[in-house]
Amino acid sequence: MTNVLKIFVFVICVLAFYAYVGQMVPQKITYPPTSTDFVGDMTPLELAAAGEEIMSGKGTCLTCHTIGSPGDGLRFPDLGGIGGRAGAQIAGMSAVDYLAESLYDPNAFVVEGFLPGMPAVSNPPINLSDNEILAVIAHLQSLGSQPTVTLDTELQWQSEEGSAPSAPTVAPGEPLDGPGVFTNYACSTCHAIDDATRLVGPSLYDAGSRLSKAEIYEAVMDPDATIAEGYPGAAMAAMLNASGFYQNVSTEELKSLVDYLASKTGQ
Amino acid sequence: MKTNSTYSPARLLRLQRSLSPGGGLNLRRVIPFGALFLILCLVGAYFVFPAGAIPVQEAQDAANPDYREFPVIGSRTIVWVVAQLHLMFAAFVLAVPMFALIIEIIGYVTKDERYDHLAYEFVKLLSVSFSFTAALGAMLTFLLLILYPSLMQYMVKIFSWTFLPYVALFFLEAIFLYSYYYGWGKFSPKVHIGLGVMLNIVGTAIMFIADAWLTFMNTPNGITETGELVSLWGAVNNFIWMPINIHRIIANVAFGGSIAAAYGAYKYLGAKTAEDKAHYDWMGYVGNFVAISAFLPLPFAGYYLGKEIYAYSQSLGITLMGGTFSWLFIVQAILIGNLFLAANYYLWVSMERIDGAERFRKYIKYLLGAITISFIVWATPHSLVASVEEARAMGGSHHPILGVLGVMSAKNTAVNVLILTTYISFLLYRRGNKEATVPWAKMGMNIQLGIFVLVTLFVIFLGIYGYFVEASVRIGLSVPQVLSVLFAMISITFIDVLLFKNAKKTGEIRWGEIGNRAQYALFFIAITFAWTMGLMGYVRAGMRQHWHVYGVIEDTSVDAFTPTIGYAAIVVSITVFIFFVFIATVFWLTGLTNKEPWKPKEERNKSVEAAG
Amino acid sequence: MKTLATLLTLLYFVAPSAAQNVDLGTDAQREAGRLMYNAKCSHCHGARGAGDGAATAFLRPAPRDFTTGTFKFRTTENGELPTDEDIRRSIRQGMPYTGMPPWPQLSEQEVDNLMYYIKTFSDFFSGPFAEVTALDMPSPPSITDESIVRGREVFLENSCIDCHGNLGRGDGPSGPTLTDQWDIPIRAADLTKRWTFRGGSTRSDIYRTFTTGLDGSPMPAFDIQPIEDQWALVNYVHSLSRDEADYSTYATSVFTTAAIDPSAGADAFSAAPEAFFAMVGQVIEPGRSFFPGVNGLAVRAMHNADHIGIMLQWNDMSADTDGINGPGLEVPIWPNDTDTTQAFSDAVAIQFPSGDGSGGGLPYLLFGDVSNSVDLWFADLSTPRADHYVGNGSGNLTASGMDYETSASYEDGQWTVIIKRDRTLDGQITFEDAAFAPVLFSVWDGFSRERGNRRGLTSWTYLYLEPAETESPLGPMAMYGLITLLLGLGATTLIRRKYSNVSA
Amino acid sequence: MNLLVILAIIAAWIGLRFLKANSLAWAAGIWVGLYVGLSYGINPPLPSSILSMFMAIITLALVTYLTAGNDRMKEMADTIVTFVVDKRYTGALIGVLIALPLLVSFKVYLNMTQAPEPPISGRTIHPVPPNTITVNGSPFNIVEGHNPYRELESSDPDAFALHLENGRRVYYQNCVFCHGDNMEGDGQFAHGLDPIPANFQDATTIAMLQESYLYWRVAKGGPGLPSESTPWLSAMPAWENFLTEEEMWDVIMFLYDYTGQRPRVSEEVH
């Protein structure tokens, strides 16, 4: 029995030694990256930091807007210093309200020299929640002045329940036809289909006469392969990704969409 | 591919088990114990998931929360400990048939009865240990089903079709195992060996399938960005599937060998007669020989695995080697350095019981020197812990000399030198009581020496050369290093076999006259192996960080953070301790077969008197 | 002051024509030198050696213009060209605390090649005055107290204090007005920091500097007689500073039972050890400071049960108390800072993390960041107080309206600022015994027009509060000693009992 | 290397050899010699954490050596037993029994009276990069992204040279103050920074990284580091605030060109 006891003690000693070695190296806990949890007591500054992330990420704002480097030929206004200017854009409208309107209802007031065409970020495909929009407003305010909004700030555009509109839903089973796909994935936010209006993206009313079916297919599935001159790159892919297009669209639906677009010859 | 909604909880059971850092499991004792647990699992799983409603669409059903909490120590830790224990037993029951078969074959070829007995003695350890495996597997299954329901649903969705072959193999495994075990000595040797071969093939196949599930969690493949299955074969054959398979086969053999050696050591220490001592001394030696032989190529397999991880994602690779876990590999280096040291130590102590081996004693200090230096080089961290004063004296957290030792070139070289040195120890041991009689003996030995010296110099040269070339070339240099070491081992062995074919025996191996300290070295090796496995389990699961399935299913539980190495070390130590308590029970149970039949007290007294 | 041109005119008649012994190197050497120069030197000294490379605007003192043949560090007569060895030495050793690094990794040949190529930038090296002889540089005699005392007299006799100041801190009355030959502002050396001497910090280097002068700068050559006085001056200058900067890793605050009173001045802090921190330009965020006015800061601190006082001292050639300063002032991007109508005062700030610092990391070193704020004790030295600012990054500083008890004084080129605070203050860091409080210091030199983000700063460092009473080591010493003794005795007894038969 | 110390150690070992010291004395001699050598023989000195690790390994190795052979083991045991039991050594034994506790006490004294150590930051030098970053508004994928100008090296050497030249300008106007003229991390402000700037000549910095990794470090600087790399200490600016993307790529290429290193390229995917 003493042997068993000796072995037992030996095992304990060796294990204790290794446990000790484990304590001798630097100890670091790695936490998962903090997702933007909107908690009630976020200061405007914290909110602004979250907003910065949203603008470059989910909001896809920076595919069309620049911050602090105007004149790059982008189609939308530069946002550098926007926080300082916002209050003076529309008489009688506070900076916060102006920014909020620009986000919820962007085409209500369009800065001179620019075309309308920005999608409402509260709707699909961008689909920001009210809190996320508040964060974006806070960040925009911080560009040029001090952010003031908090999560308690109430805006007239906010939906009643405070919840984000639901994401586009695909009716199960029933494949959509071409126009159906076009509507369902909110393509019309950026592309005109009935006339030659230039929105964020080129009008598609003459897509069929400009592009072959294969080219249309490529333009949908890999938008950045060829970018029409004067239009921002990366925007479409980001938005289609955000709207779940690539994940959900079926081959059949894709085919109908291409057929539909190819049928648009400008007449 | 759509999910088969008629999944069976039995598949789930095995799926869960595979998700442990272990994988290859062999429920060998299905009939007496395992089957009971399986049935319990089936029944239990049906109760845990009423309606069995696992159509994928409803995976997010509010009735099924994503996580449940295990009291006191938390879900993650309990799954961790149980999975690790399960893995260790699984590794053991997979490995023992492998080297039992090899030993049996050796016995068959050499017509040495001893080997056959030894193989049988190893196999005897199986019968108990795998009921533990089954018990632990069942426990793990329940835990995962209860604690991580939504993750399990996803895994089922992906891998449903792999369950059928798994079940089929499982039955085959049971049949082969029992025919191999119970049929010992009852078939012709060839048929019996054939059974053993089949047993191993089936066991390995089971492990391969199980590995697919867990490697998928690290490097998911064959799915869309949202996690829908595109190609099942792609999901199975993910980046690290094959490397893990290879690494595990080898590591299992090493681990199984070390446990078997520990068994020999345990019996040796308790043995009363010289005959028993001789036998268990020999058993410990063989177990350790198997363990170390399998251990030598393990660093290469590990390197292959690491390379594939880098190939899959630089982020994963850096997390592993340069980021969060870089210190873990320093701990690993200490463990493996200890293994090398202990393995050599065992050989050196063993040589004391070989008459004629004294002439090699003088080399020990040089071997030890090489091992120590390599050990030091390998354990030197790249990012140093230094106080501000020390850092300033060094000119930053980078030491001009240590910095050189901290990078891959130096480490690769150190490992290769360690392997070579251990190999030389083996060689010296082998020829301890032999004298070559072939006419070209002197020249042969000179050639061996030449190869050894050249390869060592070549390995060191490549290590140094690595500092003068760009990184992409440097990474490639490890291949010639490895190959030259393999070349040296193979060619020297080849010459050695010829050299000592009809060697003159200068003395006997006095089995049973080994110092007890050698037996403790065997325990030390077994513990260190088990601990290393535990640590590697932590890093393999931990490198996913806050993902269940890397990049696909995010861990949103309270345990999403990666715990410290110190915490992991304690969990691993406790796990290994529990494992050794269990394995001690296995040893004890196995030992019962040799116990005298029970007799009433009076009879025993009588026999004592008679003896007196 | 003699310039090279006047000297040349004079010498034209006396010097021997066309020196034969001038070594201009071979074509191959000059070509090799050219390649090396273009690879390693041209970005500062310019492709044509005119000191007008891409980096020139960011360097002060400005890189040498090789085309004029004017060199500061020579062993030759004032106004003469340097010897080959002088050029080699300058390349090899560099100029501490300037943009010119030492080049120890170059081989002898490479340095030679560079030297030959540098000589091609100026015609003087091939002209009639190219042949120069090095002056005799005697080896220094030993330092005696008398010579240092005498050196002080020599220092005064030769009006050194006009530029270098009474105690050598570079604060002489004419200090702020000095410019070099090209009208770029230049500063008299701070003789209390020998490690910053451009020409080297040994006594021989000091001797060479004042006997040959620094051509192109206002530093003339001094012909002091007798020679003993020359060495007396060298020894005096040498005695003004320690050998090395000896930068500290943290400052220690010592416990006192006395009250902390900023108005009591520097003497009250003499019991506290001095921590000397390196101060470098803020080159991280816009408003970058490439030549900070202050390159080192001495810190002493004392605390009692309730208060802590921190004393900061640094050398400044002028006390700028007119004008304004603030940590959040706008700074145009260098070199566009041309509007000089606004004057800026000297200022200093001590930065601590806000709150208890339990967030897992420090705030960002430049006035904190959005999620981790800092408390700034900011003293604009044109006013007699230090204000509290909360910093959430360089662009986000808010004055809380609170201020700290402060005193500031300037004497002989040295600012002394003492700031006092309660050891516990709501929302700000608590100074606990035997704990390390993270701290970072910033100094603004008004004369160098530093304000806002243009400033000198240290890294995050620490302030350690010595506890009032340190635990006596005697108890643990006795305990561990006793345990060892018992273990030893136990082992001895065991062995003796077991092997007593051996002792025969 | 401090040659004098090393020579002294070797001399002591030769002395042991001449004295025909037994293996226990040898082990002690080697232990002390290596300890002294590692503590004082290497310049700059090893950090104490490393020193203790090395000594632990060496201790283990020496114990292994002493116990590996039966006769050495016996020799060791005999020596100890003789020393403890034999009357001739009683005096020495008492000396040792007294000296050991004194040594321990002295060590305790040293530990308790030494100057306090400020907190050590065990920072990760090469942390894991995020998968994508947004540089001045345009997204960049670190995993798959590559230097858009690197291909010019082979396709258009003249254009590449222009990029390098621009990189040189950028470096000497922005980076040289910390990273130094020779890129050894010893610029004129390096002495005031902690952590000190990276040394690009070192084979373990840029040579083992991909260009996309450098791009991340250059564009996002210290503030972009994850917390294990102590972003609050790093003085590396986020250069996207000062430089264009092209300038950042140019300076990265210049770093490799000047130091003669090659960037690590992503390995072949199987």
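Note that the chains are named A, B, C and D in the order they appear, and that numbering of residues resets to 1 at the start of each chain.
Assume a contact is a pair of C-beta atoms (placed from the backbone, for glycine too) under 8 Å apart; a residue touches a chain by one contact, two chains touch by 3 or more.
Owing to the predicted nature of the structure, the values given are computational and were not obtained by experimental measurement.
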Chain closest to the assembly centre - both centres taken as Cα means: D
Most remote chain, CA-based centroid, reference being chain D: A
Separation of chain A from chain C, taking each centre as the mean of its C-alpha atoms, in whole Å: 50
Computed distance of Cα centres, chain D from chain B, in Å: 31
Chain A and chain D: spacing of chain centres that average the CA atoms, whole Å: 43
Computed distance of Cα centres, chain C from chain B, in Å: 59
Multi-partner residues of chain B (each touching 2 or more other chains): 324, 385, 388
Residues of chain D whose C-beta touches two or more other chains: 49, 118, 122, 194, 228
Chain A, residues touching no fewer than two other chains: 26, 28, 30
Chain C residues within the chain A interface of the complex: 370-371, 392, 396
In the complex with chain A, residue positions of chain B that touch it: 224-226, 228, 266, 269-270, 324, 327-328, 330-331, 334-335, 385, 520, 523-524, 527-528, 531, 545-546, 554-555, 560-570, 572-573, 576-577, 580, 584
Chain B contact footprint on chain A (complex, rising order): 3-4, 6-7, 10-12, 14-16, 18-19, 21-23, 25-33, 246-247
Touch list for chain D against partner chain C, complex: 80-82, 84-87, 93, 96-98, 100-102, 104-106, 108-109, 112-113, 116, 118-119, 168-169, 171-173, 176-178, 180-182, 186-189, 191-194, 221-223, 227, 230-233, 235-237, 241-242, 258
Of all residues in chain D, those that touch chain A in their complex: 49, 122, 134, 136-139, 228
